[in-house]
Amino acid sequence: MFRNTYDSDNTVFSPQGRLHQVEYALEAVKQGSAAVGLRSKTHAILLALKRSTGELASYQQKMYRIDDHVGIAIAGLTSDARVLSNFMRQQAMAERMIYNRPIPANRLVSSIADKAQVNTQEYGRRPYGVGFLVIGLDKTGPHLYEFSPSGNSYEYFATSIGARSQSAKTYLEKHYEGFADCSLEELITHGLHALRETLQQDKELSIKNTSIGILGPAGAHETGVPAQGSFRILEDEKIDVYLQSMVPKELEAPPITAPPPTAGDVDIQMTDN
Amino acid sequence: MTSIGTGYDLSASTYSPDGRIFQVEYASKAVDNSGTTIGLRVKDGIVLAVEKLVHSKLLVPGASNRRIQTIDKHIGLATAGYLADGRHLANRARSEASNFREFYHSPPQVKDVTERLGQYVQVYTLYSSVRPFGVSTILGGVDKTGPNLYVVEPSGVFFGYHGAAVGKGRQLAKAELEKLKLAELSTREAVFEVARIIHLVHEDNKEKEFELEMSWIGAETQGIFLPVPKDLHQEAEEKAKAALDNFE
Amino acid sequence: MDHFPTNWGRPRNDAFDAYGTYPIQQRPNNIKDNFNGVQRTQQPIVTGTSVLAIKYKDGIMMAADNLASYGSLARFKDVQRLHAVGNHTVLGASGDMSDFQYIQSLLDDLIIEEFTEQDEHTLGPAEIHEYLSQLMYGRRSKLNPLWNSLLVGGYKDGKRFLAYVDLLGTTYSASTIATGYGSYIAQPLLRKAVEGREDTLTEREAQAILEESLLVLFYRDARSLDKYQIAKVTESGVSISESMALRTSWSFAEGIRGYGAQTQ
């Protein structure tokens, strides 16, 4: 059943100094459908693939608003995500109450990372089984962070988490240098292209299974966005226009040959090596 | 390690028959696999430097994703090992420093914070309900006694150093540190030395990309612990690379 | 002895306190019992008087004298009542000086905490003022106020900031503010000199306005001192001056009966 004797408890180091329970928690993130995040000089956006359990079921919620200037996309255990996102909302509100300012996004991410770290060290707990992409907008501009159950958090130009996210990352690594100067529409198209890479063979992105979260000034197809560019989640008909903008995969030159998704996906590393 | 799998290595609260606590030793393994971190105590200050291994080119370089933490105005800390554990200890060190200030209405010495942090780390080696910290911590700062540098190990033990290195390249780094006349160096000169040493030890780990992170405190920073300014950082890195080419 | 300076000089009520033992012996202590409840801070002890502050062209300027009184006694004459909070903010306090010292240590800790984050975010005057107003209101709601009137002034991101908060948690913002006795005596003078000219007043003019008001206060406020400091916050940060002396003139007193040596 167990791979070895050092993996049933998160308070045990393996002889190599590894924490197997934490590494397994990182696998839980990969069970969730993918989310992609990227940023330009003006915008930070999230895109996520929603699953539904059947024809009669609704699609899952993949994105949450934390505050006007912060939004998240999740991959992994939704119930853990709700605990952590609630905590983030409380932190954000406390910052507004005490200092009357929007909480700096990096500190918000650190606060949940620090919470997650404790769950990797104490008996009777398990590490969180969820990863976040967090976008934040503050006076230093738009930001994108990744939070993972190991208690690590990193800032990225663009990244992806969840099932087959390595394929999305391959796309992003190829194009990220051009993201800084993208318009919102171009950025979303890039995001959709990256998200598409995570799909299973016979699936495609639709207005039902795709969510887009945006921070930054209103785009060409948007109305009613507050001047400060508050976080909003676009779903259903609203995203049709963006889906239309995608370049069909076979036309995309040169064709991207994503490595076949394998179990040994080296998505997120536990150690900071 | 012959005791692997004998059952004496599954808990921090268990001794092996020959009196070792394997969980603490395994924690040190986590440190040994991590990027090299070094600290220098010189004439008028301290320099800390980290070989920050970069796992993706999508990471934002520079100020975010820091590995060197600030503890108080005049104290900094760098860790090797699990980054998340390092942040946990940094937070603890900050609250110890702040608690000291509240109680004594005076800034803590580096030793004060180190002693308290050492005790905290040691407690995590006593119980089966927790695991030890997977980090070695280098604390440095300038207090009323002058520059001070300490290393806290996962066992909770700590020593003062003139020059310290932890992480993967520590052996080579220590050999390099021993060649320096630390008591005569200025902090600015030390910045160039640590940059050179980090670049040198990275030679053995060349397949991975890395970023050099440095912070310092000394006469030039008015006794405040700060990241090394951009221009000096760049100059030190260029010289380090040049020195490396000559070396080969 | 009656240690409570506010009682000094007041007539004693011989009907119930013939030997002047009240309030020491009778003073409610903080031991809880089922009948009297708990009493907390009822009055300030060692106090500072007015703080004055105005906006001017380059930022804000604040002034306070160096006196901490013990009742009517001019007890401490070298107390600094202006405190720099980080690089963008100055805090001025009137009221209880020990409460002020406590607030200073809270803020110093806060600034270190913020410094250790080492990101590009720092607390400016608006954030410090919000924090203080939550602190003051929180304490008064526990019926245990910090007995101060505080002025928070600063300059950050090209914006001037000047606001007030007191022991009740009341706040307001204006281009001239004075606390304590100064709110009666100096505030009208400051308004007249500053309002409408905030963007043109030079540093020299601003300082002259404050000094003139301090002088008037020194003549009229028996709890004030002719030694004072001036703080300014501009683009380049906070600076608090050394102590300076007011140039007073008492010639007007010549004709006042009851002042100085009387001939008849």
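In this document, chain identifiers A, B and C correspond to the written order of the chains, with residue numbering beginning at 1 in each.
Note that a contact is a pair of C-beta atoms (placed from the backbone, for glycine too) under 8 Å apart; a residue touches a chain by one contact, two chains touch by 3 or more.
The structure displayed is predicted, hence computed values, not measured ones.
When chain centres are defined as mean Cα coordinates, C lies farthest from chain A. More contacting C-beta pairs link the chains of A-B than the other of the two pairs A-C and A-B.
Averaging C-alpha coordinates per chain places the centre of chain B 45 Å away from that of chain C. Chain A and chain C have centres, each the mean of its CA atoms, that are 50 Å apart. Rounded to whole angstrom units, the spacing between the C-alpha centres of chain A and chain B is 31. Counting partner chains per residue, chain B has residues 64 touching two or more of them. Residue positions of chain C touching 2 or more other chains, listed in rising order: 117, 119-120.
Annotation for chain A: residues 106 touch two or more other chains. Within the complex formed with chain B, the residues of chain C that make contact are 105, 108-109, 112-113, 115-120. Within the complex, the chain B residues that touch chain A are 1, 4-5, 9-12, 22-23, 26-35, 53, 55-60, 64-65, 67, 82-85, 87-88, 91, 124, 128-134, 208. Residues of chain C that touch chain A in their complex: 117, 119-121, 123, 126-127, 130-131, 134, 157. Listing the residues of chain A that touch chain C in their complex gives 97-101, 104, 106-107, 138-140. Listed in rising order, the residues of chain A touching chain B in the complex are 5-6, 9-19, 106, 110, 113-114, 116-118, 120-124, 143, 150-152, 154-159, 169, 172-173, 176, 269, 271-273.
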